[in-house]
């Protein structure tokens, strides 16, 4: 039971490191005169905390390597956190053994990016869709299962009669609809969508996005929507979380993020979106390159590219600070009032 | 069901088959050999295992078309008076049966271990693959010779002959599971990264179900390809072992044993006792290999892109 | 005379079930120094069109019909030796994935020098000097050091800059860029497109930019062609195409963008999807999805109305403007 204040999903101090496989000999390093063992790892998520309220569509944006997909996978339990917790409806779910996680599986589902590999090529659509229903609702009769699957297929715009076909007989857009159907068969409350439309054509993107919006209205769903496409975010999201190199830069309601972006990275990102306005637009050029997540820069992860970085930025990691009106920013310059 | 068959006949596989003469000819020859040998109890002119049907006076008769030939024995008789044609028909059947069952055993062990190694990963994977490596470094034939020789010595020749067929299947089956395990493991590693596996994990299915119900069907292609080669190899290995006297006994001969039994007579005149079984063996292995080659090319998505 | 003139190009792909027509009656022209965009969704034929210009259609596809006149000479009729002088020399290409374009086992320098020497007699030192110069032009920091690095040592954005540098090595007349920034992040995309624009203007190189992203096209190109199911359906100066699209498909495409929808409302979608090339409808290929369809659209393929760089193939639009299509 969630009260008005309990968020549906809570991510608290999340860290995720992927150790790089190296033999013992390679791990040893000479530090002065001492031999030390250091294991290198990809620091995919570095201290992310956020809450998702029931009914909202939180969009997580960032460029490649920012860790947004990893966050999605940790929230869904596909990966376990290196540190931090994930809570669903007030209960801690990270690290739960499979049996205890089972009832949550009915309430939270996921949609993936690649329509070509997110459906099992050797199973018919019917089989793919019926399996989760039978698994989570073992008391239904065969007829009831079939009916439920047919209903969910129609609701995503796929003719139920095509259930006997295999995924390769469908187009990319149709496959994505089927993936959405699969997520909807168990009647979840919360859906994590990892770049669900990036691999589709523009006109199909519009169709699938509309489908997701309709589903949200009809079923009262809560979304965590991962994407790099900011124009989709502007349209679809209620709140936006901007990530860079595994850290949360800014978290704000959509309207304020787009009208007054605060974090320097958010500003650069927004300015770079190719608009139909045309003519060489003035975009903020960031100097340098994205650092490697294996060797994280000290202090603020963005400092080597930020036009406003100072000494403090190079040594101290900024915390996410409330700016009022639901806006949170992690930036020393903003905190100190150095930039507007 | 009907839809499945129609789907199969409409499929790319059958389409390419019909266009490849070598594949079609090989398949027909193989089919013929299989049909003839498996129908042996009904169609063979004689029963070479029935001592009542063998007459020592009929021994060493050359094939029909030679001077001293006898129209009863199409390709002659051996030193005991057995009809070579019937012996070859039964022998081919045994060779094929051993080949198939040995490969079936390899499949079961190899697929299970390959799935485990690929899906579970980590230490389990490392351990199983090291075991596989060690096993691969021993040649199948060498291991088989040692194992079978020991069994033959301890059980004695008669008892051994009774169990020979099981021994052969077991030894060849257990010796070659690493081939399947590695192939399956490679496929599993690739499939594991695909999103449909994540999707079923998110739905809540357990690892066993995911391995066998979802991943395994997607690893079948390479399994099919190496199976043909493995069957051919199994038949060859069995023939070699029988030739060395460690396999099927003379009174229930496979092609290899037949070749062996006629070997000493090769130069002293009764060449047909070795020659014809050898030809059938070569033909059998050749067509299986040709079909395997064709299958590999057809199932290779890069080669047949258009 | 136009630099490149494509006339009635038809490209076919033989398949099991007959021949697939990937491009049908495609004609367009590009002037010297002109920047043209070709937009369309997947399956529309834009990449096939690009590859055909250099007669690089992947086998078993072939050019069934048509002419491709480059500086007056027909590429379709050229011998391999003649093509060699044009490919990578006077017409260069930039592909989508820089990791696929660059050979991972050779240094950047080796690849660039190799390219230069294949198209002209330059000694190693001179070639290296030119290569470093080009790397500097594409704004790669410390090019003298970078030139000896391997592709994997560079970031995605840098690699694409190298690819652009290679495309400019021989001072070509025309660059064909096939989705050059689709695989890149938004901030890098902006930089690469700005770079490409600047260099094309500076060097007077013509550009054909193939993409599905109307936003990108609106920033870089002067003229845009829209393709659908293997045919060109509209061409106009880019600004005009976006502000006043004339073909219903173009209009639908622009309106389907999230930018054009109101916050929180459903997007304006186009019903259905582009037909697969196996089952192209009779008449106008777009008619099943078009809200202005009438009888004529079902049977008669619309011809173009308008001028060379400002045309549309649509019966309804023709009627609207009082013309014959």
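Note that the chains take the letters A, B and C in the order they are written out, and that residue 1 is the start of every chain.
What we mean here is this: a contact is a pair of C-beta atoms (placed from the backbone, for glycine too) under 8 Å apart; a residue touches a chain by one contact, two chains touch by 3 or more.
As the structure is a prediction and not an experimental result, all values here were calculated from the model.
Asker: Farthest chain from chain B, comparing Cα centres?
Answerer: Measuring from the centre of chain B, the most distant chain centre belongs to C.
Asker: Pick out whichever of the two, A-B or A-C, is joined by more C-beta pairs in contact.
Answerer: Higher C-beta contact count between the two pairs: A-C.
Asker: Taking each chain's centre as the mean of its CA atoms, how far is chain B from chain C in angstrom?
Answerer: About 54 Å, centre to centre.
Asker: List the centre-to-centre spacing of chain A and chain C in whole Å, with centres computed as mean CA coordinates.
Answerer: Inter-chain centre distance comes to 33 Å.
Asker: Report the inter-chain centroid distance for chain A and chain B in whole angstrom, where each centroid is the mean of the CA atoms.
Answerer: About 51 Å, centre to centre.
Asker: Help me check something: in the complex, which residues belonging to chain A touch chain C?
Answerer: Touching chain C from chain A are residues 63-64, 171, 173, 201-207, 209-210, 213-214, 228-232, 234-236, 254-255, 268-269, 271-281, 283, 285-286, 289-290.
Asker: Tell me, which parts of chain B touch chain A in their complex?
Answerer: 3, 194-196, 198-206, 214, 217-218
Asker: Where on chain A does chain B make contact in their complex?
Answerer: 73, 76-78, 98, 101-102, 105-106, 109-110, 112-114, 117-123, 131-132, 135-136, 164, 179, 182, 186
Asker: Any idea which chain C residues touch chain A in the complex?
Answerer: 41-42, 155-158, 185-191, 193-194, 197, 212-216, 218-219, 238-239, 242, 252-254, 256-259, 261, 263-264, 266-270, 273-274, 276
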